[in-house]
Amino acid sequence: MTDSLDNWGRWGDRDQLGAVNLITDEARTRGAAEARTGQTVSLARITTPFPLTGGPLAPATAPTTAVQTMMLFTGFGAPAMAEVMVVTTHHPEVTHLDGLGHWAEGGRVYPGVGVADSSGPTGVRHGAADVFGGGILTRGVLLDLAPGGRLAPAHPVTAAELDAAAGRAGVDVLSGDALLVRGGWDRATAGDVPLPGVTADAVHWLHEKGIAVYAGDVGDAMPPLPGEMPGALHRLALGRLAIPLIDGPNLEELAVTCERLGRWTFQFVVAAPRIAGTTGLPVNPLAVF
Amino acid sequence: MTDSLDNWGRWGDRDQLGAVNLITDEARTRGAAEARTGQTVSLARITTPFPLTGGPLAPATAPTTAVQTMMLFTGFGAPAMAEVMVVTTHHPEVTHLDGLGHWAEGGRVYPGVGVADSSGPTGVRHGAADVFGGGILTRGVLLDLAPGGRLAPAHPVTAAELDAAAGRAGVDVLSGDALLVRGGWDRATAGDVPLPGVTADAVHWLHEKGIAVYAGDVGDAMPPLPGEMPGALHRLALGRLAIPLIDGPNLEELAVTCERLGRWTFQFVVAAPRIAGTTGLPVNPLAVF
Amino acid sequence: MTDSLDNWGRWGDRDQLGAVNLITDEARTRGAAEARTGQTVSLARITTPFPLTGGPLAPATAPTTAVQTMMLFTGFGAPAMAEVMVVTTHHPEVTHLDGLGHWAEGGRVYPGVGVADSSGPTGVRHGAADVFGGGILTRGVLLDLAPGGRLAPAHPVTAAELDAAAGRAGVDVLSGDALLVRGGWDRATAGDVPLPGVTADAVHWLHEKGIAVYAGDVGDAMPPLPGEMPGALHRLALGRLAIPLIDGPNLEELAVTCERLGRWTFQFVVAAPRIAGTTGLPVNPLAVF
Amino acid sequence: MTDSLDNWGRWGDRDQLGAVNLITDEARTRGAAEARTGQTVSLARITTPFPLTGGPLAPATAPTTAVQTMMLFTGFGAPAMAEVMVVTTHHPEVTHLDGLGHWAEGGRVYPGVGVADSSGPTGVRHGAADVFGGGILTRGVLLDLAPGGRLAPAHPVTAAELDAAAGRAGVDVLSGDALLVRGGWDRATAGDVPLPGVTADAVHWLHEKGIAVYAGDVGDAMPPLPGEMPGALHRLALGRLAIPLIDGPNLEELAVTCERLGRWTFQFVVAAPRIAGTTGLPVNPLAVF
């Protein structure tokens, strides 16, 4: 089945946008039509930095979270306070956008560029996250797989389950939509409990529907699910289908809002900082109602 | 005149939102109404990082820009490429949001909190940029002070000039709007040419109009303008009026788009990464039409 | 008594060496004469870095120690492994040399230079640690205040106690010597137990003897000792006498060696990396027998 | 000839000291005997950091040198000035010690440990530079290949040339000695001029003589020398013979001193900071006379 799971070459052999190409003017306008009052829900986790500097001025132990900061000496009595910030983008504690250059298989990144051409010690030349710097705006659809609760540990998310959730929401998922999948898990705080995960079967569903962006609090199971392809979301959806992933979103407030409004669609907005040449960027995706 | 330029205490003595309080539901809805097709213009500069690591693997000299990156060794032949990113937020090369805690005067930040209470070596406790983490969405208005060109060096921007530009655009600037002011300058590449700047008189205008957010490629003149208060935008608009500033936006494509569409208003969206406890955050503000 | 505790101006008003000026040729030769077999004891703690990067590739929590490292991607299958290292020099977990520019009082550093002249956001221009980059070599004397054990918590170290230890060792402390004082404490792992500390009385003794460098596992008490000047070692010895301090040495192996050899003097060698413009540098002081 | 150039297994299959094992008590005492007056010459380049932070507080362009620093905000009027330091150790601008784990060939480091066992994203477990943390002290011998001048560009350094220089100096190079080779070049400032380099033939000489440490301003030629093995010093001396290298020493003052004193031997002292788990460390090697 996964043989057909492949967008390499679909938009040319130097393409950098991948499935975001599916966001046509029509898809974008469909998204804009969802924003009526401008009421907004942030889909980002709050990341609390820990100190870049240790020592007498900082705690002796700290969670090694995604961001470190250090306040700069700007002079005695200077009016401006400023800091330097160190970001480990691909960390479960910070909601981030995985660029297509984040994933290599057999030494190649989408749609077939050798890693030596795409990346070097100091940055990414092909498939960097900032190719989406103009903003990703489209319709978003929330599929809540565990309304009011959470999926069982090590639960395998299947296509049938996505269909069922779409049915409950009364939504027809369309090509160019952003898909938000809530399982009720926070990977960053799950500890040693086996995480639920997306199966290759579900990735096939993403492909059939024409999903442009995936943002789920369910990602790749850890440890891998018995009998399932390990890392299917990153290997297949990101690596082969070139669907950019939003890793580590927080969908709790969104689910409550959708439930309250009785609406499971909204405008989905991603405005990543325009920092060039990276494999990923911290983002604050918004759902606008 | 500047005596009345003060929002300290207006929303309580522990407030952290400042002029963003002016974005009422009505103002937000007015902004949402501007987004019709979802067509988007990014207002961020593109920031090209330079290598965090030097040596044989990197160039010997480089512009010391706002971001440095370094690609991480993830193991021989590992599929995931990743990096660490070091960000100097308050740098003219990266479009960023100044939080209210960025500015202290007489050892106090808005609305009167002592710096020792608001900031420490490792972060900000009051007035951090991520208080806007839910997203700032409102109507945006572009005032182009130099259509098709740029302001003269050391030009002082006045209230009368803002009025004139609003008149040309046929726009009534309203309380809760985001104001985007284009002078046609890129501070990051201006070199030694004296920059134009915002006068105290213009800041007074922002106050009268009830501007919620300011994003201008004209900021504080450097060197200070003869006969004008130095640093008026940061000292008065940010420091006293608590209007968060978007520093270093790129408004060129926006101006072209507004001109082409004959529209000078749009939905303005700021979705800063939700990184807690900093004086500023890199952002990619969007104008949605 | 502390009125006379002052070397400001003693070696001119632009001097950067402070008490290291006391290491005359004679003192240096006296040190060299102590090195007979070249047998060496390191006086540095071992600092174990924690990861600069967090996330899937690193532990979720860690002690925020003095050094962080991150291994660099040098290409697939590249032969050279390399890293970047982030160092918080003034951290109790790393043995380091305090430069004279580390300490300011009333906005001035030794011997009276204003901080605005001596330091900026990016480095030190007067009193940087690398003024000792040619190496500090002289005779070292170990005074063990608690042979085989450790001082009581919150113990105040006095001049009389230093005299007594010198008497036990049968050593005449001379001008230009490096003084190593062992109290048997590791500040980095002491937790909340009140640390013993050096009194102003003991600093006076350092001045009388003409100590050129101080390296003690007893430093400034934390919390301050009742009835004693807080921070006397940093404020008086470093700040007024310009005696560079070696903070956080490990003197355990040295004490055992001295006891075994029945010798309390040796050649003392400090070879700080020649990195210019910092307030301190990590060092590995050696005792050579 | 290079078949026999191999110390893998010579000191066991888990050894981490390599050729430093050749520094016997006798060799160390021979070194100590060289130190008579304690007069010292530093063999380190001076490294001038550039700012970690850019922006209004720092220059817009800078050489991307080996070290970056940023001064920390320690509070308004706080007496202690401090900074964070970012070090790219394997950079030609900073004199540093290459640990044995720096070099992998065929996925293995000395004496045969797989890279996956020796290194991870966050550090080195086998062959780290701090195994030499107790200090390296032995006799040093300077061979000046270009007295008063410098070698021609792209000059290949051979065994015969080393013999000739030893003859001129009247020195018998002995097992356990540190070898210092001066060619009169500073790799960090050589620009595009082809560098002279060490040949496999010369590495063979190091092996025969029993050199324990190599510190040369001549290293591996760049570009590789025609007809010679590229990277012979790193591949053979470091990789196969496990001779730790001091990269980027400055031997100019040493050569002048040796010439003046008519002595080409001295005590050689390396006291690297005891930071665990890195592939290299900045050092300030000393020659003590």
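We call the chains A, B, C and D, going by the order they appear; numbering starts again at 1 in every chain.
Simple rule for what comes next: a residue touches a chain if its C-beta (ideal position, glycine included) is under 8 Å from a C-beta of that chain, and two chains touch if they have at least 3 such contacts.
Bear in mind the structure is a predicted one, so any value in this text is a computation, not a measurement.
A.B. asks: Going by residue numbers, if over half of the contact pairs line up, that's a repeat, so tell me which of A-B, B-C or B-D repeats C-D.
C.D. replies: When the residue numbers line up for over half the pairs, the pair is A-B.
A.B. asks: Any chance you could check whether A-B or A-C wins on number of contacting C-beta pairs?
C.D. replies: A-B
A.B. asks: Indicate the whole-number Å distance between the mean C-alpha point of subunit A and the mean C-alpha point of subunit D.
C.D. replies: That gives a centre separation of 45 Å.
A.B. asks: Could you put a whole-Å number on the gap between the CA centroids of subunit A and subunit B?
C.D. replies: Between these chains, centre-to-centre, one finds 26 Å.
A.B. asks: Could you give the separation in Å between the centres of subunit A and subunit C, each centre being the mean of its C-alpha atoms?
C.D. replies: About 48 Å separates the centre of subunit A from that of subunit C.
A.B. asks: Residues touching two or more other chains, restricted to subunit D: which are they?
C.D. replies: 50-53, 55, 57-58, 70-74, 76-77, 81-82, 84, 86, 88, 90, 107, 115, 119-121
A.B. asks: Using the definition of touching given at the top, classify the network of chains in this structure as line, ring, star, complete or other.
C.D. replies: complete
A.B. asks: So in the complex, which bits of subunit D are touching subunit A?
C.D. replies: Where subunit D meets subunit A, its residues are 52-53, 55, 57, 70-74, 76-77, 81-82, 84.
A.B. asks: Which subunit B residues qualify as touching subunit D in the complex?
C.D. replies: 50-56, 58-66, 72-76, 86, 88, 90-93, 107, 115-116, 119-121
A.B. asks: Spell out the residues on subunit D that touch subunit C in their complex, using ranges where they run on.
C.D. replies: Against subunit C, the touching part of subunit D is residues 25, 28-29, 31-32, 35-42, 44-53, 57-58, 67, 69-71, 77, 79-90, 94-95, 101-105, 107, 109, 115, 119-124, 130, 133-135, 137-138, 234-235, 239, 267, 269-280, 282-286, 288.
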